[in-house]
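Once you scroll down, you'll see the structures, which are given as structure tokens.
In what follows, chain A forms one complex with chain B and a second complex with chain C.
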Partner chain A sequence: MATIHTTVKATTTTRSGAFQRRRSMTSSRIVAWCAIAPAAIALILVVGYPALDGLRLSFSSWVGLGEPEWIGFDNYVQAIGSSEMRTSLLLTMAYAVGSAVIMVALATLLAAAISGGARGSAFYRVVWFLPGVAPATAVAVFWSASFQPGTGSVNAVLGALGLGNDHAWLASQQTAIYPVIGVTVWSGAGFAFLLLLGAMEQIPVSVFEAASIDGASSARKFFSITLPLVRPVLVICLMLEIIWAANGFSVVYAMTQGGPGTATETLPLLIYKQAFSLSNYGLASAMAVISGVILIVIGLVSLRFSRSRQGASW
Partner chain B sequence: MITSTLARGARQILMLGWTLLALVPFALIILLAFRNNTDIYRYPLGVGGTYHPENFVTAWSGPVGSAGMGTFLANSIFAFIAALIVNVVLGSVAAYFVTRLPQRVTTIYLGIFVAGTVVPFVLLLVPYYRLLNSLQMLSNPWALGVLYGVLALPTTVLVLNAYFVDFPRELVEAAYIDGLGDLAVFMRVVIPLSKGAITAVSLLLAIWVWSETQLAIVLLQDSGSQTAAVGILGFQGQFTTNLGALFAGLTIIAIPVVALYLVFHRYITKGIALGGVFR
Partner chain C sequence: MTVFSPRSRSFRASVAGAILCVSIAALTGCTSGSGTTSGPVTLRVQVEQGEPMGSIHQAFARGFEATHKNVKVKLETVTTAAKVGTNLTVVSSANAPDVGLIPTNTPAYQSLVTKGGIADLAPVWKAANLDKRYPASVNALTSFRGKHYVLALSTSFYGLIFYNADLFAKNHITVPSDHRIATASDLYAMASALKKGGVQPLEMGGKSGYQASWMVDVLLPTSASASQTTNYLSSWHSTVPVTAKYTDPAFVNVLKQLQEYGKNGVYQNGYLGADQGSTESAFMSGTSGMLLDGSWQAGVMAKAKLPFKVGWMLVPPVKASSQTQLTGFYGADVIVPAKAKHKDLAMQFLEYMVSDEGQQKAVIDVGSQIPSVNTVPKSAFTKLDPLVQQMLQDANTNGAQSGWTSTVPAGIGQTTIDPLIQSMYAGSATPDSIGQTIQVALPGVRAQNK
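After this line comes the complex of A and B, so read on.
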């Protein structure tokens, strides 16, 4: 009898304990759900809803006043058919891929140069990222002044080196894109450098030591160990920089405003012009949707690429 | 042996070259800010000429008929304050409490924020213009700041979540045993021990807000409402014959953020290592 009594008592305590714990778990859950809701709602209101609104506008005709009028796929037909859009798309891809490839190649070399713990690597790490924190418009304004023939600092340096001080790259349709790519690389390389340096520092030192014992040169170690092991980060970096450059507005706008003519008019600038100078808001939105879809596809493809390779290399 | 010497030489040249290329433009901006047009044309590298500190006064008050750096800086700071409050309050609460929910919920929730980073700004530009126009909030740096705060939420939530996932569980459990509720644990235990991570995301936000142009150029139309990154574009057009004042403006924009970076670079690097970007 006594035994039974204790057992029953014990069971009840456990039960009520479990009940209390469960109740506090549930209330904890409710608190957590309420706490995560505002951020998600804010994101939906500020990004999700406007994105849908942009999508709707891309199927409408709107000149800035009154209600948008639904016109189906007309904007898309017009966008895809326009030579302006096609030229700009090709230019954007050339600019984005060109900048990103140079940027990531440079960043890889920079990261490799100090990843072995070279003397003063803390100093280089700070200094090399500096161009990345300065406001893009400010550096672009500075550089476009520096590229002026005769009076700009870049031309002064070239003149001092005997290469002539009257290069007017920004004024010529053929060459204006090169200084823009140069400044994009200058301001963006620091970020890629930090990411790649982080990846290189994850590689165990023992791997390099083993290679040294086997007599591998530093170039050999770079190509056979460092590069294959950081490839996933390299691919991600390249993808991010392509997408950022293709979406980039500040550097191009501040340096050339898309000119001379339309020689440097990348998609973000063309869309800006279509919307806010020409009031073709619907057409501009269709162009934005098209460019967004292309960039998302690039992103997904390269993510897939980086993942499958990652599995193979380990 | 010869190749290894060559490789070492190439490495030294690369390191020295990039260090110069990273530093010299900032030195030039500051030097040329003290020169007048004649000197800038004659000595484009800043060596030689006379000092004209009054360029800073001109830049601070702006060209005739337009606002100056003083106003632009204030607007940038207003936008940043609004962005910071929205971003850090919503972001830190969400990033922490989602770790208290089942893994499946966390995955979906973070997925929503990743999806948010995919939407390009150009698509949002026209809808924002329509929205703020109908709310009579065009040319309002505070309203733009609120948008910035939410647009940067993905970065903040993902970075802080990566940090909170590794937050020592024993500390949280101990606080529950001491009888603290969920909110008290968050406010009095988690937040005080996460100052580093919160500093990191705040700095990423500050650098981004300081330089954002694409939205600001559309949504801040009055010159008196513009942030520094947009205001300097106006300077570019209006100070063509007073480059010293343009460079003084560039100095005023670049120095605060560079100083912030030099003091806090560890936090920024850490934020990037946790997956942070400038947005």
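After this line comes the complex of A and C, so read on.
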């Protein structure tokens, strides 16, 4: 009997415990939902609703006033069939990938130098981050003036070096994008630098010490230890910079306004022109949706790549 | 001592009273929209960024406030880019200014007019007698389907060339006595002489988005016949039959002449990467011999007290038998949004703007610009900058013309053709291909303007 009593009691205790645990979990979930509710509501209001409205607009013809007129996929057909859109898309990808790769490569080198114990590291941490703090438009206006032939400071420096002071890169369709990429890199490298420096400083010193004992050179340590171990951050950083550059408006607009002609007309500028200069808000929205989908795909692929490599590395 | 408890009757009564007071105050604020309250009213007026418009509007504000003691005019700056683009969302919003800026050649203007987004200015036309006080051309420009929705503030001339007389003399360049460069060869010779003298030739802001196409406006009437020109200016209306095509020599030859300017080094080094501000700075600092600009810049340069003399001239005609005229811009961009809170007061402000007093004190005295109305006493014109007086005299003698890009909608006009002309200068487009592009775009624009 005693055994039966004990069993019954134990079963009762177990059931009671499970009930209490379930109850506790339920109340935890309620608390969690309450905690995220304000953020979720804010996200729905400031991100979800405008995104859905933009999507709705992309299926409409709208001149900026009155009720949008539903026209189905016409805007998408027009956007995809437009050579202007295709050219702009290719240019945007070239600009974004080019800027991001150079930016991350530069930031990696700078971060490696600082984490390697270069002198004045505290000073350089601030100095390299400063361009990222300056307003993008101000940066673009400053550099735009600096690249002017004859009077610009870049040309003045080149002139002083005997390399000529009349280079007009912004005035040529073949070269205008390069100063824009340069300024994008200049203003964005600081953020990538800080991220990568943080990742590098998380690598245990003992790993480098062991490599040193094994006779590894600095270059070998960089390529075989540093780079593989910061790869997840590197990939995220690259992805973010590509997305930011592809969505960037201020630098390109302030430096070239998309010109000469349409040589630097990236997608954000084309979308701006369609919406605000030509009042084709529906077509502009369709272009924006297509651009957004492409960037989301890039982001997802990068995240996937980052995760798989992360698993392999650690 | 009275203690309010949230549940007490007195507390609830106080809260209800407070809400009532706030509601009454809010309603009072709303009714002030009619402009009938005796309390101070703030009239929100948009003004284009930069000079001379900033100073002109300050003078308008001072003059209006002097006669409307309970009104405070608040000027809200709008950039040129916003004025032709994003400003549509501002003037059509619930927080619209009382006086807004939307140029007639933008799609935004078409949208506002067709969707009832701007007020009919009939009261201003009647009170200011604008049917008679505006020239017929301005009345035509400001009307849409028989009604007037936009006010023209002043007249200015654009697409003309200012030159540094000292540099011209130093480099032995002869200035045309009638303000007209006779042939393209003469222009090339001027540019060449200036370059030999170590300065840049003609400053042009190629990336500004409008200067590259300004000279189309100047040259088109020297290439096309009068009837062709009229058709180019009006064929974007679907009711007007297209008799002059953009692929015709009359239009394409204008572009060919501009292309030759580029090839013959008429412009400064790097002109496609320069904006208007930087070209003005370069000219005013004496590093360039010529500047492509508008009559408003004469007043700006006079105030800057430049250490050299400045003159003005016009580019050579496309056809030698034609004469280049000054190209007028009437600043037709002042509107009253349908959602303006103080519509009646805004109409009164517009009436003041085009009154003889407003035109004299603000447009002439402060802005050194030509009035848009024809009733300002001629004696007032002596206060205009001497260069502007010369231009006015020239326009009275030789006539003036309307600009194509400031008349036709963006779908074929400035927004479309300016990048194409930039590409032509850069070598990736031809005059013929530009003509074809505009001609292909024309039916779409006509369909939108029934």
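Here is the rule we use: the second predicted complex is superposed on the first by the 275 of 314 C-alpha atoms of A that agree within 3 Å, B and C clash if a C-alpha of one lies under 4 Å from a C-alpha of the other, contacts with A are read in each partner's own complex, and residues count from 1 in each chain.
By our rule, a contact is a pair of C-beta atoms (placed from the backbone, for glycine too) under 8 Å apart; a residue touches a chain by one contact, two chains touch by 3 or more.
This is a predicted model, so every value here is computed, not measured.
*Asks:* Answer with clash or fit: chain B and chain C placed together on chain A by superposition.
*Replies:* clash
*Asks:* Classify the contacts of A:134 with the two partner chains as first (chain B alone), second (chain C alone), both, or neither.
*Replies:* Once the two structures are laid over each other on A, A:134 reaches chain B alone.
*Asks:* Please work out whether A:217 is in contact with chain B alone, chain C alone, both, or neither, and reply first, second, both or neither.
*Replies:* first
*Asks:* Touching A:54 in the superposition: chain B (first), chain C (second), both, neither?
*Replies:* first
*Asks:* For A:161, select first, second, both or neither according to whether it touches chain B, chain C, the two together, or no partner.
*Replies:* Neither: A:161 stays clear of chain B and chain C.
*Asks:* Going by the contact rule set out at the top, does A:284 touch chain B (first), chain C (second), both, or neither?
*Replies:* A:284: touches chain B, not chain C.
*Asks:* Any idea whether chain B or chain C touches more of chain A?
*Replies:* If we count touched residues of chain A for both partners, the winner is B.
*Asks:* Let me test your reading of the model: by the given contact rule, A:169 touches which partner, first (chain B), second (chain C), both or neither?
*Replies:* After superposition on chain A, A:169 lies in contact with chain C alone.
*Asks:* Using the superposition on chain A described above, determine whether A:65 touches chain B (first), chain C (second), both, or neither.
*Replies:* The answer is second: A:65 touches chain C but not chain B.
*Asks:* Touching A:258 in the superposition: chain B (first), chain C (second), both, neither?
*Replies:* Touch status of A:258: second partner only.
*Asks:* Which region of chain B runs into chain C, 59-67, 95-103, 167-175 or 257-265, after the two models are superposed?
*Replies:* 59-67
*Asks:* In the superposed view, which residues of chain A touch chain B and also chain C?
*Replies:* 144-145, 150-151, 272, 276
*Asks:* Taking the touch rule as given, give the residues of chain A at its contact with chain B in the complex, in rising order.
*Replies:* Chain A residues touching chain B: 28-29, 31-33, 35-36, 38-40, 42-43, 45-51, 53-55, 57, 106, 109-110, 113-114, 118, 124-131, 133-139, 141-146, 150-153, 155-157, 186, 190-191, 194-195, 198, 217-219, 240, 247, 249-250, 253-254, 267-268, 271-272, 275-276, 281, 284-285, 287-289, 291-292, 295-296, 299.
*Asks:* Across the complex, what residues on chain C touch chain A?
*Replies:* 84-86, 88-89, 92, 106-108, 110-112, 114-115, 117, 200, 206-209, 269-275, 278, 282, 287, 410-411, 415, 419-420, 422-423, 425-429
*Asks:* List the residues on chain B that touch chain A in their complex, please.
*Replies:* Residues 3-4, 7, 11, 14-15, 18-19, 21-23, 25-26, 28-29, 40-41, 44-46, 86, 90-91, 93-94, 96-98, 100-101, 109, 112-113, 116, 118-131, 147, 150-151, 153-154, 157, 181-183, 207, 210-211, 213-214, 217-218, 228-230, 232-233, 235-236, 243, 246-247, 250, 253-254, 257-258, 260-262, 265, 268-269, 272-273, 277-278.
*Asks:* In their shared complex, at which residues does chain A touch chain C?
*Replies:* Per the touch definition, chain A meets chain C at residues 63-66, 144-145, 147-151, 166, 168-173, 176, 256-263, 265, 272-273, 276-279.
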